[in-house]
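Notes follow once the structure below has been shown.
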């Protein structure tokens, strides 16, 4: 089971991406997308942005659950109050775990954002952030 | 070099950790078992604060307190010593202060929403309507920044896109008295910048300015004039009027 | 002696100090440092110097505020100065109490070790090595200490030696007493 996570800033620019696989049930955590899917992943998520733009004004919760479907692959979304979007492309439905995952990533994102040397919409290149996200992926997915 | 020429075929070794936006997913993805092995060796800059987990969760953090004078000293040094000598007139200086406050607004918005998540209200909210976001600023944001609520929230009678938030005793400028040539200056342009950043981050694009409007008993009373852009009003009208 | 110092500090903090959320303070200071780095084009040596200058200007004003709030008289020894600075000075302005350690043999040098630094909460220095080698993020404190102590006739050399933002295990400031400035009686008067 593979996952593709992207964090998109307020100007529709990606600030972070991560491709990984499930750590559950004996899987080793590597992503198993076939090469055609790999190339399409960013485009799929990008197309989902339009849907987010529409749905976000209809509700004021942060977690938007599964908003789109691409030939069996689900796309779940989460929008922070500052309009940074977290998108996850995944294969099986798993609302609760993904909700916790996104909430913790929101926490991490705020901590990164608070640094004065990080300006809004900058890509997040910090290695420690990367490691922490992977730790969360291992914990929840 | 080869990874630049053949980005989709080459795979950056895990020694260059962290997401690299120029390379994309290949720079940090867990694509092979070696990646997974190397992923959790965290030998990076000290960011103990970044560790996820209940103890370090932003929601549970108690807000530390500090003396107001410390903030005022830093703020005054910032204005007086630094921008003051380089700005030829008031408008330029106010613009600079506004630009300094802008990123703080973005950070304050995200910070406050993670903070307000509590066991009683586990789902923090976003704001979709103009009045909601203004009320949120008036009570919660003001309390977070200044330990008090703003004094008033008004809608302008003349212009549909203007709202005003009024603070009778703005804490940052309580003890500041600009010199004679600059007596039109309102250092609260900094706070106006914070508000503008916050509203822009929440997708309510606007411009905010601070004006001193003294009234009996409150000589430093400041009015923050918020002027929303057309797109915000159109969206409000299209989506929310019944 | 130290019990009364702590009790005085807590009392002043509770009753005479207007408090606000320290996050606005952290964010404002962060914005100052970021602005300086931009304006000096990441010349961290100059940024450090400017932070120290700003701190000096703050220090010379802050000392009067401090003396007015605490009503303390002259300290009898450098050791007492160290205690007052760390337990009262830092407490009533920053709400932290650094540890006074590493006294030198002659009693003229000591270190302040800060366990938490409200100026640098959540700060992550830029990835380039230059920043972590050259920038002292909280250098304004150096200027404040220098300025304030100079106003009470103590010329002190102050500098950072360690900073958690750089990867060290603690944040440490070293203070060295150079001399005690005496008021000179002008010639002809006695």
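Per-chain residue numbering starts at 1, and chain names A, B and C are given in the order in which the chains are listed.
Rule of thumb we're sticking to: a residue touches a chain if its C-beta (ideal position, glycine included) is under 8 Å from a C-beta of that chain, and two chains touch if they have at least 3 such contacts.
It should be emphasised that the depicted structure is a prediction, and the values quoted were computed from it without experimental measurement.
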Check your understanding: How would one label the connectivity among the chains shown: line, ring, star, complete, or other?
Key -> complete
Practice item. Could you see whether B-C or A-B has the larger number of C-beta contact pairs? Key: A-B
Study note, to complete from the structure: Distance between the CA centroids of chain A and chain C (whole Å) is 42
Exercise for review: Calculate how many whole Å lie between the centre of chain B and the centre of chain C, each centre taken as the average of the chain's C-alpha atoms.
Suggested key: 28
Study note, to complete from the structure: Chain-centre distance (mean CA atoms) for chain A and chain B, in whole Å, is 23
Practice item. Can you tell me which residues of chain A touch two or more of the remaining chains? Key: 111-112, 114, 125-126, 128
Check your understanding: So which bits of chain C are touching at least two other chains?
Key -> 27, 29, 31, 121-122, 124-125, 127
Revision key, fill the gap. Where chain B touches two or more other chains simultaneously, the residues are 18, 45, 47, 49, 103, 107, 111
**Study point:** chain C-facing residues of chain B, complex
**Key:** 18, 45-47, 49, 63-71, 73-75, 77-78, 81-82, 100-101, 103-104, 107-108, 111, 144-147, 171
Practice item. Please give the residue numbers of chain C that touch chain B in the complex, ascending. Key: 13, 17-25, 27-29, 31-32, 35, 53-54, 57-58, 61-62, 65, 92-95, 118, 121-122, 124-125, 127, 132, 140, 164-165, 167
Practice item. Over in the complex, which chain A residues touch chain C? Could you list them? Key: 111-112, 114-118, 125-126, 128
Review point. Which of the residues in chain B end up touching chain A in this complex?
Key: 8, 17-21, 24-25, 28-33, 35-36, 39-40, 42, 44-45, 47, 49-52, 57-59, 103, 106-107, 109-111, 113-114, 123-128, 132, 201-203, 235, 239
Exercise for review: In the complex, go through chain C and note every residue touching chain A.
Suggested key: 26-27, 29-31, 33-34, 37, 121-127
